[in-house]
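Here is the structure we will look at.
Chain IDs A, B, C and D follow the sequence of writing; residue 1 opens each chain.
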Amino acid sequence: MTDQTEAGEILSAPLIIEYPFKRTTGPIIGAFLTGLREQVLVGSKAEDGRVIVPPAEFDPVSGNDLTELVEVGPEGVIATWAWVTAPHAKHPLDDPFAWVLVTLDGADTPMLGALKADGIDAVSTGARVKPVWAEEREGHIDDIAHWVLVDDADEGDRA
Amino acid sequence: MPEIQLPASLQDVEAVRSVRTPARLDYTFTPGDATSRFLAGITQKKIIGQQANPDSRVYVPARGADPELGAATPIEVEVAQVGTVTSFCVVNLQFYGSGMEIPYTSALILLDGADLSIMHLIQEIPADQVRIGMRVEAVWRDDADIEPTLESIKWFRPTGEPDDVNVRIPGEIRGTGLGSWVGGVAPTELTVRNPRTGEGGTAEFGGEG
Amino acid sequence: MRDIAVISFAQTPARRSVPELNEVEMLMPAVHGALEQVDMTIDDIGFTCSGSTDYLAGTAFSFVSTLDSVGPWPPIQESHVEMDGAWALYEAWVKLQLGEIDTALVYAYAKSSPGDLPMVLTRQLDPITVGPLWADSVSLAALQARSLLDSGKATEADMAEVVARSRKDALGNPNAQLAWDRSAEDILAEEYHIAPLRKSDCAPITDGAAAIVLAAGDVARSKVKRPAWIRGIDHRVEPIHLGLRDLTISASTSIAAGKAGVADGKVDIAELHAPFSHQELILKEAIGLGDDTTINPSGGALAANAMMTAGLIRIGEVATRISNGEADRGVAHATSGPCLQQNLVTVLEGEN
Amino acid sequence: MGKERVAVVGIGQTKHEATRGDVSVAGLLREAAGRALADAEMTWSDVDAVVIGKAPDFFEGVMMPELFLADALGCTGKPMFRVHTAGSVGGSTAIVASQLISAGIHERVLTVAFEKQSESEAMWALSLPIPFTPPLHAGAGGYFAPHVRSYIRRSKAPDHIGMLVALKDRQNGLKNPYAHLHEPDITFDSIKESMMLWDPIRYAETCPSSDGACALVLGSEKVADEAAAQGRQPAWIQGTAMRSEPTLSAERDTVLPLGGALCAADVYKQAGITNPRKDVDAVEMYVPFSWFEPMWLENLGFAEPGEGWKMTEAGATALDGDLPVNMSGGVLCTNPIGASGMLRFGEAAMQVRGTAGDHQVDSVRKAVGHAYGGGSQFFAMWVVGKDKP
């Protein structure tokens, strides 16, 4: 029997959790993704008449099925935003950008996106924005490459 | 399934039904104190058991707590590199991450001086000749390939000793096992020795350390 | 309902990283401490319940090996929730209501340090429409903070005051991870991290564990002089999508506070699980706390925020202050999910 | 303070398949929950609280997925709770849900358990290689197969018992429209000829990987009495129990775990069962590998030590036997891991309600639901009956 030895250097090794999850969408979220591929944004009509984007499959208050999808956007206004000074490698944009919750025209609830803008001072609640579509689209949330301010649209499109 | 009403723009296009959302998370894994001490032994080709106190079970490898006492296992005890097969299965299927040639034998091996079997491979004997009670010994990788992992033991192989017909298989009391109903009567907590109070258990098993 | 009290509470010192211990090794001092304070072993416990989640350290079934910390032998009555330990305490409280057992052990733990916590938490989000954007927990909180500022209900200075007070109070908490004495002005001079949040507005990333022993009626009275009785406990949830909520309020907290009976008496202290400074302001209003309530005397989540554990710690902090006579009645709050999605409120009281 | 009575008043499950490609995770849960609510003649707004169970989150790659599923389950503004006790979780989730009513907190609780294993794959999610940690050399089957061998050695059971169980359960599954595996051509010989994966376990003696969900609506005595008055028989919960023991301890028995026997003894005592073989009319037990049927028969007090396999061999556990076991086809036909335990509990309730369709056993007054998880170390059981406890 020996006494406990002083633990030396702490062992450590990388652990990677990685998988190409394949998710079935169901008809409502499937329609939303289909729309992204076709450059069309859709929301679902809730029981209280609100249009929810991305579409909810089920009424967020009652839990009942929602079945009516309506076209919204493509432009909208910023409901709230946050400026990322040092983007993470996993973030959708490499340069400093704003997370935005965008209430699309015709929608009542905002959706999340990444806004490309010149700087924190260029972004404000209530500003109008529009999506910039990815060149190759497959029916994925990344089909919206990012959002741009409507006034800056030309510059955003070039970038 | 309720009928979905689509806007005109989406009525005549092929619908998306599934989506790939690959995700990767990177972690830095550290195994903790008990495992690190066990693996430090492995790098010296020693199999080090641990126990909570001089009278308690010897666990190999200890995982941080004596699971019966709920206590840390600071005491280190080197156990033998030979032991007895307490059970096994023969694997005929290639598994995720396993480079083994099939069929191969995965066995529970109770090392001499330890109180709980480890799971490891048996080689150097045809799979259909492996037996419960068979005596086996550790076969190490070459010294240059020893790493802090139990896989530094490549496998176990028969020692050639006679089988241990009295191998202590945990739980084998009360007819066939701890969770047996004998004469229609259920076992109780007192069927086993309480490691904190010393109460319970049978002469057959449980009094020992 | 049956009278149930918190009779002991123990936690490990909060640290940014505890690489030298695995989860069970980190947890054991908390479990053993809580039991030893009331001279108990697992043999004296009727029911054990724990809270943890696999994603933090990246190992599936982590609760299976941490159960070894209690020594579940002979076999015990036990359950586990993939939630903060405050909800494990709720399950134990429900179990005690059945009248069959008189004691319960609740524990929770988390090692967040092995992963990239804000990114790990993105795996909670809608996996199709939000998850692939990797919108981290700090970014989402910043969206909420901007909403609150835009509403005019709070200013960045109000947020900085929360930070300054919390970290100063943490100087008196030996288990705190972040404690310092700096002015709100000083904090406001910091650069933005994810605007409008500064690093100081955010909880630290913490490895840690905690445990509580609950007991009913006379068993509680026989074990401690002044048990902290649970007078009410309730929890509620909201949709995960931020767009479906008014981010400037916490509707689910308000319901839970109402059901738990917060307003039935004076609240001396409150421990609010607010991992971001502005969330304390939202919670204070949602629970209906006045300026005569001392909020987060421990420093709160801004001082230490072990995931899955910080909510249980809030209950323990309030209970300890009631048992030692510092307070007569207090409120503990726990949260889960992005931007205060799910909330639990407990009202605790001492007997005079 | 006493315990309030609780009954199952609604049961729903999905069609179980390897890949349910037609529904989202939320849609899968709602298929089961919607059926349970319809069965209970309730709507989402009638539900006071929701209790969700599932096995490891890595299966779907969503951390604490109940959070994103909250509105899909009509939880907005309500209490929602998530249980995880490994493979026993479907059972323990139903027990936690029942206690919300027996403690007098709620009147109507919806409980749902699920797994959508097709979003990833079971072999990946269950055997992530962890650094410094010895690998399971052969997956879950490789873990359990040595314990099956130990059982065979102790009980001196003949080789064909496992195959008999597989044949019975797969044939029962043919009567269950929701079951995942429907193998009309299965025979004893086809099982015998299937590949020996983990000797002594053959391929045809193992469970599939399924997408599926199960939901139960639990009601208070008042709610259940109302259902009964309208001709809908409640399944009264006469006892619930859970036990846990360590995975790797020196003394424990991995073949017939003490925790399993203590769990059974506890639940029988509550339900007034003194002779399990005689007093219980039907059992759904958690049998992911065929040999677990005789093992659990002994562990749960239906057979003396070493005699469980004789019940199987004699046909006692067949649909027309004196103790039918796994009338639904069991885990061997359907295994959405997180839901598997609740499916056992739900089938027991269906049997006492008389709603099990083609796999209904005549005049079931008391039925047992059983689930286990981890390395045969977590146990959850309930007894449901036609009669009020």
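Just so we're on the same page, a contact is a pair of C-beta atoms (placed from the backbone, for glycine too) under 8 Å apart; a residue touches a chain by one contact, two chains touch by 3 or more.
This structure is a prediction, so every number in the text was calculated from the model and none was measured.
Peer 1: Select, from B-D and B-C, the pair of chains that is joined by more C-beta pairs in contact.
Peer 2: Result of the comparison of B-D and B-C: B-D.
Peer 1: Can you work out the whole-Å distance between the CA centroids of chain B and chain D?
Peer 2: 26
Peer 1: Taking each chain's centre as the mean of its CA atoms, how far is chain B from chain C in angstrom?
Peer 2: Each chain's C-alpha centroid was found; their separation is 35 Å.
Peer 1: For chain A and chain D, let me know how many angstrom lie between their CA-based centres, rounded off.
Peer 2: 38
Peer 1: How many angstrom lie between the CA centroids of chain A and chain B, rounded to a whole number?
Peer 2: 44
Peer 1: Quick one: which residues in chain A touch 2 or more of the other chains?
Peer 2: In chain A, the residues touching two or more other chains are 7, 10-15, 17, 19, 21-25, 28-29, 33, 56, 60, 65, 140.
Peer 1: Can you tell me which residues of chain C touch two or more of the remaining chains?
Peer 2: 19-20, 55, 58-59, 65, 67-68, 71-75, 114, 119-120, 123, 126-128, 131-132, 239, 241, 244
Peer 1: Specify, in ascending order, the residues of chain D that touch 2 or more different other chains.
Peer 2: Answer for chain D, listing residues that touch two or more other chains: 21-22, 24-25, 58, 60-61, 71, 75-76, 124, 128, 130-132, 246-247, 249, 251-252, 257-259, 262.
Peer 1: Once you draw an edge for every pair of touching chains, what topology comes out, line, ring, star, complete or other?
Peer 2: Its topology is that of a complete graph.
Peer 1: For chain D, which residues count as touching chain A in their complex?
Peer 2: Chain D residues touching chain A: 19-27, 30, 43-45, 58, 60-61, 71-76, 116, 118-120, 124, 128, 130-132.
Peer 1: Using the touch rule from the top, collect the residues of chain A that touch chain B in their complex.
Peer 2: For this pair, the touching residues of chain A are 1-5, 7-8, 10-25, 27-28, 30-31, 33-35, 37-38, 40, 42, 65, 67-71, 139-140.
Peer 1: Please give the residue numbers of chain A that touch chain C in the complex, ascending.
Peer 2: 7, 10, 12, 15, 17, 21, 23, 25, 29, 32-33, 52-54, 56, 60, 79-85, 88, 90-92, 99, 101, 103, 109-114, 120, 125, 140-142
Peer 1: Looking at the complex, which residues from chain B come into contact with chain C?
Peer 2: Listed in rising order, the residues are 19, 21, 23, 25-36, 63-72, 189-192, 194-197, 200.
Peer 1: For a test of understanding, state which residues of chain B touch chain D in their complex under the given definition.
Peer 2: 1, 17-18, 21, 23, 29, 31, 35, 39, 57, 59, 61, 63, 67-68, 86-93, 95-98, 100, 103-104, 106-108, 115-116, 118-121, 127, 132, 148-151, 169-172, 174-184, 186-189, 191-193, 205-206
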